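The data blocks that follow each hold one structure.
In what comes next, chain A is part of two complexes: it sits with chain B in the first one and with chain C in the second one.
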Partner chain A sequence: MLTKKQKGINWILTAVLLVLSLFFLFPVVWMLANSFKPDAAITADMNTVAAFIPPAPGGGFFHNYLSILTNTNFLRYMANTLFYAAILILCGIVVNGLAGYALAKIHFPFRERWVLLILLLQIVPMETILTIHFLMIAKVGLLNTVAGYILPMIVNPFNIFLFRQVFLNLPDDVYEAAQLDYCSPLKYFFTMVLPMSKTVVATVSVFTFLNVWNDYLWPSLVFTSSNLLTAQIGLNSITSNENTTMGQTLAVITMVTIPVIIIYSLFSKQIVEGVTSTGSKEG
Partner chain B sequence: MKKRSSSLLGMAFFGPALVLLTIFLFVPMVLTLIFSFTDYFALNPDLTHFVGLENYGKIFRDDLFVKSFFNTVCFVLIILPCQGIGALALALLINRVTHCKKYFKVAFFIPVVMSLAVVSTLWMQIYSPEGILNTMLGNLGIPAQPFIHSAKQALPSIAVMSVWQGVGYQMIIFLGGLQAINPGLYEAAEMDHASEWQKFKDITLPELKPLCVFVFITVTIGAFRMIVQPMVMTGGGPSHSTYTMVYNIYETGTVNWEIGLASTMAIVFAIFVMVLTVIQSILTRDKEEGKHVNKKAKGN
Partner chain C sequence: MSFIEFKNICKKYENAERNSVTDFNLTIEEKEFIAFVGPSGCGKSTTLRMVAGFEEITSGDLYIDGKRVNDVAPRDRGIAMVFQNYALYPHMTVEKNIGYGLRNMKVPEAEVQKKVDWAIRILGLEEFRTRKPKNLSGGQRQRVALGRAIVKNQKLFLMDEPLSNLDAKLRVSMRNEISKLHRELGTTTIYVTHDQVEAMTMADRIVIMKDGVVQQAGAPMELYEHPVNKFVAGFIGSPQMNFYPVTIDGREMRFRDGSKVRLPEEVTKRLEGRGGELIMGIRGEDIRLDEDSLERYHQDRQKAVVENAEVMGNENNLYFTFGGCLSVARVSKYEVSRIGDEITFAFLPEKMHFFDKNTEEAI
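Take a look at the complex of A and B:
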């Protein structure tokens, strides 16, 4: 039971946080409200509270959004990114998952050394080898191709290790039973191991998606052709165009954020667990 | 027989990953190290010489590299206290209140969800000379500020934006840590009529110490790797005031094709980040050992 004094403090702190959160969110509120306005209205509203209030719904409410969707390649960029994310999730689960399984359950030479190596690899920042990646992809003529973008990103020491840690806890007797039924190891992996480890598969998929969707540096190096751009690079090319209005810019960045919001609201539990347990993704 | 088939199977499962690891991690790492001792210029590879440690001396005499290094350090020094302490303060406040908890968690986490490119584009509008921030400041009687358009304010402006974007992430980490503290400790302190400050100083802070180390080091590493914000917002300017180490590596290597020099910078950068990572793993390993000891003590 809270005392009267404690209740008072509680209300004061809540009020402080409420004010703080409003200040904190003003850029986001401003972005959303003004993405529905023509530029003249954005400038006119700037000095009043109306800057944080969306216009009344009516004709032209979605004008900025519709003009971006019809006049630019934006939908194409979003579709591209979804496609790349899908390939990378599939390849990543197969390659890193198989490796994690081997390191957890199969006895083969130097296994413990490989595990140590995978652990050590995680401390090398990717920016170090960025130049060489770019040089390699350029030398083999894969600049401006989907393969050039995807190949260096499939293998991920962090995910291999994550898979290994989860597979270590799988029971061995299921494998022995499966072997008696002449189940091939590969079939066993895809029909038994992965379905038994839904949580880690979901975690890896979600983080891969967020990585691909938000990545900027690598796709900006590989892609120059407008047909292949990802949403983030496309967003930059649209908003740096002089003909793009402020309202359209705000509409673009809102649309780029929508898929991420959907992913976060669907998988918030996995994400928060991932953040609080390891927290080692980005700073 | 069985042993041989199992090692074949192991290599078959590990093989695809090993091939990709070799091509895209081991080889590039070794190449970066080798190229850092050469004057490799990708547009004229035939003229490559082995130059020993010359590049390493060269980059530290290069004003631009030194500037990009100090810009990066400066960025870290602004980010670290603001984001670390800010996140801790938010977590403490949110942990304390009983109403709208969920709303506060979501509200401060929203910028984390937005990508760096989105946040940078948004804040370019907010920081613009006639933008919403200058309008709001004007209403308070503060003259318009140039923000990202002046050499003096550009880096701090980007730092403020980065804190805004990142603080919610560390807040969630701290909230997780606060919830893991044994409530019995506080109950015992209340029996002894400990003040709020004493409870914070003697219970909360020591219990959160390992987490603080973790957060401070990951924030530092993240800030060290900064590049997207200046790429989108300022192009490294005005007068290279927002030019960071990674930006320098990126331009030297992929724009000017001076792979030798870029590799040297990349090695110096990697050493800094790896030293920080090793410090972190040493300091947080202590925490796990500590837990282990505690468990043992409880068992007895």
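Take a look at the complex of A and C:
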């Protein structure tokens, strides 16, 4: 039971957090509201409270969105990104999950050193790794291919670590029982380990999705064909086009932002649980 | 040939200073119910896990049904196991847990269903069949674990302290259920427990271990009546056997506090003329307070003051100091004594056990 004083402190904290959240929310609200307006209205509403209020729904309400979706390849870029994310989530769970499982449950020489080595990989700047990836992909002739984009992205040291930390807590006797139930190690991984570790699977899936969705540098290096581009590159090419209006720019930014917000809101519980259960956070 | 044969089995973990199991030799016949008992760290679970194939055997040979299984994978040993923490598959329902092994064995679905239904019925799990383990009580979970073991028709059941997570009442009822199952199925069973009551009430034979070494193997009453050493004598039986350092001089037995008991001829004969300092052990129920016994041993009546009394309902445990040692007498509920009461008692000489003072081996 909370005391009167504790209740008071809670109220104050809630109020402070509410005010703070407004600071973060106001650009999003501004973007969303203006993405439905023609440029003239955006300019007219600037510096007034109306800038945060969307126009009344009417004939041209979705004009900016429709013009982006019909006049550019942005829908395709979004579909591409979702496709890449789906493949990377599946492959990432299998590859990083198996690696994490081996590092947690299989006894082999220098296991702990391997874990340390994988953790150390986190220190290496992404740009350095990307250069090497680029050279390798170019050498094997996979530039401008889906495989060239996806293959180097599958292995993720942080996800391996995340999986390992969760798998460490899985009871060994369940594996032993499964062995006596004629379950092969691989079958055990897919039918027991992953279902028993739903939280970390969800966490890794969300992180992978966010990584792919927000990634700009790697796809811009690998892809040259406009058919394969991702949403972030599409966003850049659309917004840097001088014919794109302010309203269209805001509409396309909204379209890129909304999925991230939805995914994060849906899975925030799993993300927090997944990260806190491993005692780590993404670096 | 015996169904299971342990030949000089040793287990030493990497970097361990000493063996966890040393020179374990035992034969188990088909349909036997064997209990491995001993204190924590005595090697009983390690031995069971070596039978299951979860621990490598450092040296020695293990035969199951005439076949050397040292290098055989657990799944190919023809065993089913019930684990201490149940080891149920948390994301599967009761019936899926029970049928999982059968489905992996590629048993036709109709037969899987038949066997699962049979197990669910005999274990009384009908109303829980679609529940997941988290929605079951400890006893129900243990029954599911048993169900998973029995449906596969394996030739050997291994049970690793299966009742230790249950409360006392449930333990007793599960004990009966396991015994009943064993009688019905007749499957050879190795049962590991630290609870000697479980071992005594369920097993055909008990193997008592200490520090990785078998101390004694035999029928429950054989161990109770004829322990080979002080450890076995003390481990089996509740309350624990009373031990007194005594000096034997001819037919006279002298306690540390000067009390004396005259030993009958059959006891001195049993000692084969050994005298001097020994350890005398006697069970609580063989310290008698009843009129008949006091009459019979009127020359050797002893006196003590009750320091604590445990009222068990059907009987009472009276604690007192005698011969310089804390002692316990197990008396009938009709022989009521309260703390501070002076009691008169007699030892039943024919029930005395004698142990060498140095080796603690029974004489």
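Simple rule for what comes next: the second predicted complex is superposed on the first by the 241 of 283 C-alpha atoms of A that agree within 3 Å, B and C clash if a C-alpha of one lies under 4 Å from a C-alpha of the other, contacts with A are read in each partner's own complex, and residues count from 1 in each chain.
Here is the rule we go by: contacts are C-beta pairs under 8 Å (C-beta built on N, C-alpha and C of every residue); 3 or more make two chains touch, one makes a residue touch a chain.
What you see is a predicted model; the values in this text were computed from it and never measured.
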First, second, both or neither for A:183, with chain B first and chain C second: second
Residues of chain A touched, compared between chain B and chain C (which is higher): B
Touching partner for A:58 - first (chain B), second (chain C), both, neither: neither
First (chain B), second (chain C), both or neither touched by A:173: second
Contacts of A:18 with chain B and chain C, given as first, second, both or neither: first
First (chain B), second (chain C), both or neither touched by A:141: neither
Interfacial residue positions of chain C with respect to chain A in the complex: 52, 54, 73-75, 79-81, 83-85, 87-91, 100-101, 104-105, 148, 152
Contact footprint of chain C on chain A as seen in their complex: 171, 173-174, 176-183, 187, 192, 195-196
Residue numbers on chain B that touch chain A, as the complex places them: 3, 6-11, 13-14, 16-18, 20-21, 23-25, 27-29, 31-32, 35, 42, 90, 93-94, 96-100, 103-104, 107-108, 110-111, 113-118, 121-123, 125-126, 130-132, 135, 138-139, 164, 166, 169, 172-173, 175-177, 214-215, 218-223, 225, 227-228, 231-232, 246, 249-250, 252-254, 259, 262-263, 266-267, 269-270, 273-274, 277-278, 281
Sites on chain A touched by chain B in the complex: 10, 13-14, 16-18, 20-21, 24-28, 30-31, 43, 46-47, 51, 94-96, 98-99, 101-103, 106-109, 111, 114, 121, 123-125, 127-136, 151-152, 154-155, 157, 160, 185, 189, 213-214, 216-217, 220-221, 232-233, 235-236, 239, 246, 249-250, 252-253, 256-257, 260-261, 264, 272, 275-276, 279-280, 282-283
